Amino acid sequence: MKPIRLEAELLDARAVARQMVRLRLRVGPCAIRARPGQFVMLGPLAEGMDPFLNRPFSIHRLEGPEAWELLVAEVGRGTRMLARLEPSARLPVLGPLGSGFEPPAEGELLLVGGGAGVAPLFFLAEDQLARGRRVRLFYGASSADRLVGCEALAARGARVEICTDDGSAGFGGFVTARLEQALGDGSDWLAACGPEPMLRAVTGLARRFGLAAQVSLENRMACGTGACMGCSLLLAGGPRRVCVDGPVFDAREVF
Amino acid sequence: MVDLELDMRARIGRLELAKPVMTASGTFGFGEEYRSLVDLGALGAIVTKGISLRPRAGNPAPRIAETPCGMLNAVGLENPGLEAFLRDKLPGLREMGPAVVVNILGDTLEDYAALARALDGAGGVDALEVNISCPNVERGGLAFGTDPALAAEVAAAVRESTRLPVLVKLTPDVTDIAAVARAVAATGVDGLVCINTLRGMAIDPLSGRPRLGKVIGGLSGPAIRPVALRAVFEVAREVDTAVVGVGGIGCWQDAVEFLRAGAVAVQVGCATFRDPSAAVMVLRGLEDFLKGLGVRSCSQLVGAVEL
Amino acid sequence: MVDLELDMRARIGRLELAKPVMTASGTFGFGEEYRSLVDLGALGAIVTKGISLRPRAGNPAPRIAETPCGMLNAVGLENPGLEAFLRDKLPGLREMGPAVVVNILGDTLEDYAALARALDGAGGVDALEVNISCPNVERGGLAFGTDPALAAEVAAAVRESTRLPVLVKLTPDVTDIAAVARAVAATGVDGLVCINTLRGMAIDPLSGRPRLGKVIGGLSGPAIRPVALRAVFEVAREVDTAVVGVGGIGCWQDAVEFLRAGAVAVQVGCATFRDPSAAVMVLRGLEDFLKGLGVRSCSQLVGAVEL
Amino acid sequence: MKPIRLEAELLDARAVARQMVRLRLRVGPCAIRARPGQFVMLGPLAEGMDPFLNRPFSIHRLEGPEAWELLVAEVGRGTRMLARLEPSARLPVLGPLGSGFEPPAEGELLLVGGGAGVAPLFFLAEDQLARGRRVRLFYGASSADRLVGCEALAARGARVEICTDDGSAGFGGFVTARLEQALGDGSDWLAACGPEPMLRAVTGLARRFGLAAQVSLENRMACGTGACMGCSLLLAGGPRRVCVDGPVFDAREVF
C-alpha cells in the first residue's frame, strides 16, 4: 500500500526488557496492509522543533486488526522520549514505508536477528507461521535481560535459538557462531536484521553455504519517502535509498 | 461586505505562480515521492532536486545529521542526471499541476549553459533555479555563489541559454549577500532565491567521528530562519528583482514573516520531512490569514514590515 | 591503576587558564550577577561584557527575541565605559578567582589601542578579547571583522598597545573565515575566538513589527552550534594560533565536539540564561568524560576528530 | 534575599479564569523571603532546546510558608505549555528577582492592576493587609470571565474596585477612568502594573493629583539577573535594566 500519515493513538508503552520498550499504536484498518520488513517514521516527537527529525522504526508485529507494535531500544534522546510516553498520547506516524522481505514459496525460513534488529523478524515470522511455514529464528542479544518475546514466538510454532554474548541465556556467543553450526541442513533462504558486522558475517555464511539472503539495513533518514536522498548507500549497483529501495536488500547487493 | 476572491498569484519576473508557496529543492524529490501524501495540486510550484548534466552518486553515508532545531545534510547532489530526468521524472512532474521549476547545478559555466539549453527545449518546464550555493560538492556550487562576479557570470550564461524564467539561488555564507544579489540581478534574471543551507558540522563526541561522511554539510531548518529572513530583507531592499524566501519555513506565520521582509513567494524545505503536508498547510494558513486581514491580494503583504 | 591528576589547563598563547571553560562576553555580565548562583571559582575565565572607551546606552527595546533553539539580541554594547569599568567592576572581578578577560570594542583603530593601553596598566586583567564581530553597533565591530586586512590592523594595534595576551573574536558572517583568521594570526595574537553571533532577524507576523528595535541582531544558541563548530574546525586547521570555541555550547558533549574540532578551550554563552550553572556543568562533565577516557590532560582531546 | 535556583514542584495548575491559570509551586522555606513586586524566571520549559528562553512571572501570592503562586495568562507557546502541566511536574525556578514595591509607612495604598498585571498586586495587597494597612485595588479586566481572586482579596479586607472594558462586571470602562473618579480622597501613594498605556495614564493621574507612584514594567528578558543587558530601557536617567533595576520603578523615572 502507499504510505499514509496519521495520528496514531498510543495504546500502551511497556518496558519489555532492559532499555527496550514495546509501543502499541492504533493506526486503524490500514494496519493489516503492511508487509513484514516495512517501517514507519514516528514524529514529530515534541511540540517544539527540537528534536527536529522523525525517527524510523520497523513494524515489529501486527496486534489485532488495527494496531502496530514497535520495539524500541532506548539509545538516545528520541527513543528515551518515546519510552516515557503515557498511554493515549497521540503520535504522528508515516507508513508503511519501504520494501518488505520476500521469502520464497517453499522451505524452512531462517531468520537472524541481533538486538533491536529482531524487531521486523517477528512480523515476518508470525506472518509466515500463519501461512503454515516453518520458521527458525536465531536471536542474538548482549544478555538475557535484553531478550524480548521469545516464548510467545515459540508458542506460535517458531523454533527460537537464543544466543547471548555473555552466555546468560541460550548459546553463549555471537548469533553468527550458532548460525554457522546450524547451516547446511537444507534451508536455502535467510533473512537478517541487526548490526552491520553481524549482517556482513551472516552474508558471508550465506554465500559459503549457498543460501539466498535478504538483509534489512539502517541509515540516517530525514524523509523516509525517497525524497531527500539522505539515506542512500553507495552500493555496487549505484546509490540506493534505504528508505524506498530498501530497507530490505538482497545481501549480495550490499556486501 | 463583498467577498472578493483573494488573489494568491505570485509574480517572479516572467514566472507567474498560482500560489506563492513552493517546495524547496532537494526536499521534495521529484514530487512523486509525496503523491499519496500531499495535495500536490494546491502548491504553486515543485522545485526539483538539483539536476546535473551527468548522473551523480553523491557523498558517502552518513549524509544526514540532526542538529538543534534543524539538520545537516551532505547529500552531494545525488541525482539521475539530465537525460534520465527528462525521460523518467519530467513527464510525471508535468502532470502534477504545480509549475515545474528545475534546479540545476554544474561544475563549469558551460555545464550550466548546457543544462539550460536542454531544459529550454524539453517542454513542461516552467522555470530554472540555478544552484550556485550548494556546500556539498567539490566544484561548482558554492564556489560560484560566493563571488559576485562569478555568480553573475553563471546567471548570465543561463539567462542567455534559455527563454525560460531564471531564478538564482544564493548562499548566506558570504560577507555581503546584497553585493552578490546586485551582481546577479543586473544580469536580468527573474528572481533571487534566498537562501541555500549554511555550512555546518557536527561531531559525535564519544566516537570523535564527524556526523557526516563528508564532514562539512549544509544546515537547514528552523534554526536558520532568522538568518534566512535577514538575507531576504537585505536583498529585497537592494534589488528590484523578485525575491523568493526559503530557510526554516514550516508554518504560515513563518511565511508571513518572509513576505513582510520582502519575499514575493516562499519555499518550504525540510519542514516537509517532519510533516509531508507542511507546504500545503503553510499555503492554507496564509490564505486564511490574508482573508482575515481583508486584503485582496497576497502581494499586498510583500514588504509590509513596520520599521 | 595510578590515579594521576587530570590536567585541565588550557594554554591560549601566553594566557594559561586553570580550566578550559569560560563564560562568553555579554552573557555573564561582570560576574557579580551570578555570584549567588554559580560556583564562580570553578571557571577558567570570566569574559566581561564588551567595554568601550566611553559609556554606551545601547539600542532601543526590544533587544531580545526568542528564535528556534536560540535567540536574537541587539543589545548594542550597552556598557558603563572604560572608566566606570575600572572603578566599579574590575575590583570585584579580580576577587572571583577565574582569570579576567576583558572584551573590548572600539569605533576606530585608535579606540581599540587606547582601550588596550588603559587595561594594560589596570592590574588584575589577564587578557583582552578584541571584539571585531559585533553585529549590533553602527561603526567598528563587524566592519573590522569582515575584512582580513582591517581585522589584522585592529589585532596589530591592540597587540602593540599592551603586554597582555590578546584574543581576537571572529564573526562567522564572512565568505572565508579562514582568510580572516590567517590575517589576524599573522599579527602574533595569542588566540582566536570563534564565533560571535550570526546576523539574523525576526518579524512579528501579526503586527508586522520587527522583533528587535534595531531590526537586525545577533543569533546565538544551540541553533548556531553547527556553524560555530565548522568555523572552529576550519580555522584550527589553518593557523597555529590557539582557537577558542563558542556558539551554542550548553553541555559537556558540546564542549567535547569543539575540543575535537580543534579548540583548546570553550566559552559558554546564552546557555547560561537557561541555567546559570551551565558553564560549571560543562566543565564538570568534561572532567568526568576525560577521566573516563583515561587521558592525562584535556589538551589530548584537542583536534581528536577521526577524519 | 539573593536569588537562588531550584527545581520547584508544581503543586497544582488550576484554570482560574478564561485563559488564566494559577500555578502553585513548592519552592521551600525561601518562599517567605520574597518581597511583593519581585518575580521569577521559569524554565527551561521543555526537554529540548525549543522554546529556548525562560519566562518571567511575578510572584502572585505566598501560599503557606513554602510555596509561591503565579498567575499566568495564556498568550503564547510558553504560557500554553505551562497551563497544561500536570501536578507534580518539576519546574526549574530562578528567583526571587528584581526590586520590590516600596510602600510608604502610612496612609491608604492604592493599587491599580490591568489584566495579568494584577498578579504582583495581590502579593503586595495581602502583605500590607497583614500589616494592618488599608488597601484599595482598582482592578481592570477585559471582561468578567478574566477576573481572578477578587472575593478572596476582599475577604482579607481589601477594597476591590472591579472595572471591565465590556461592563460585564463592576464599573464599565477603563480602570483609569474609575481611578480618576476616586482620586483626591487623601491617598498619596499608588502602585500600578499592567499594559503600558494603562501605566502611562495612571502616571498622568498620579502626577495630576500629586501622588507618588510606582509602576512595575515588563520587557523581553533573557537572563533575569542583570547580566545580558537585554531588558534595558532607555529611561531619562540612562539605561535601566528591568530585571534588576526594576521591575518596579518610580513612575517619574519612566514616563
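Quick notes on this one:
A, B, C and D label the chains in the order they appear, each numbered from 1.
We adopt the following convention: a residue touches a chain if its C-beta (ideal position, glycine included) is under 8 Å from a C-beta of that chain, and two chains touch if they have at least 3 such contacts.
Here the structure is a predicted model, which is why all the values come from computation and not from measurement.
Shared contact partners of chain A and chain C, listed by label, are B, D.
Ranked by separation of Cα centres from chain C, the top chain is A.
The geometric centre of chain A is 55 Å away from that of chain D, both derived from CA atoms.
One simple way to say how far apart two chains are is to compare their mean CA positions; for chain C and chain D this gives 36 Å. The centroid of the Cα atoms in chain B and the matching centroid in chain C are 34 Å apart.
Residue positions of chain B with contacts to 2 or more other chains are 67-70, 221-222. Shown for chain D are the residues in touch with two or more other chains, namely 48-51. Viewed as a contact network, the protein chains are fully connected, with every chain touching every other.
Residues of chain C that touch chain D in their complex: 26-29, 33-37, 49, 57-58, 60-71, 73, 75, 78-79, 221-222, 250, 270, 272-277. Within the complex, the chain D residues that touch chain C are 2-5, 43-44, 48-54, 92, 94, 219-234, 238-239, 244. Remark: chain A residues 48-50 touch chain C in the complex. Those residues of chain C whose C-beta lies close enough to touch chain B in the complex are 67-70, 72, 146, 173-176, 198-203, 205-210, 215-216, 219, 221-227, 229-230, 233, 248, 252-254, 256-257, 260-261, 289, 304-307. Of all residues in chain D, those touching chain A in their complex are 46-51, 77, 81.
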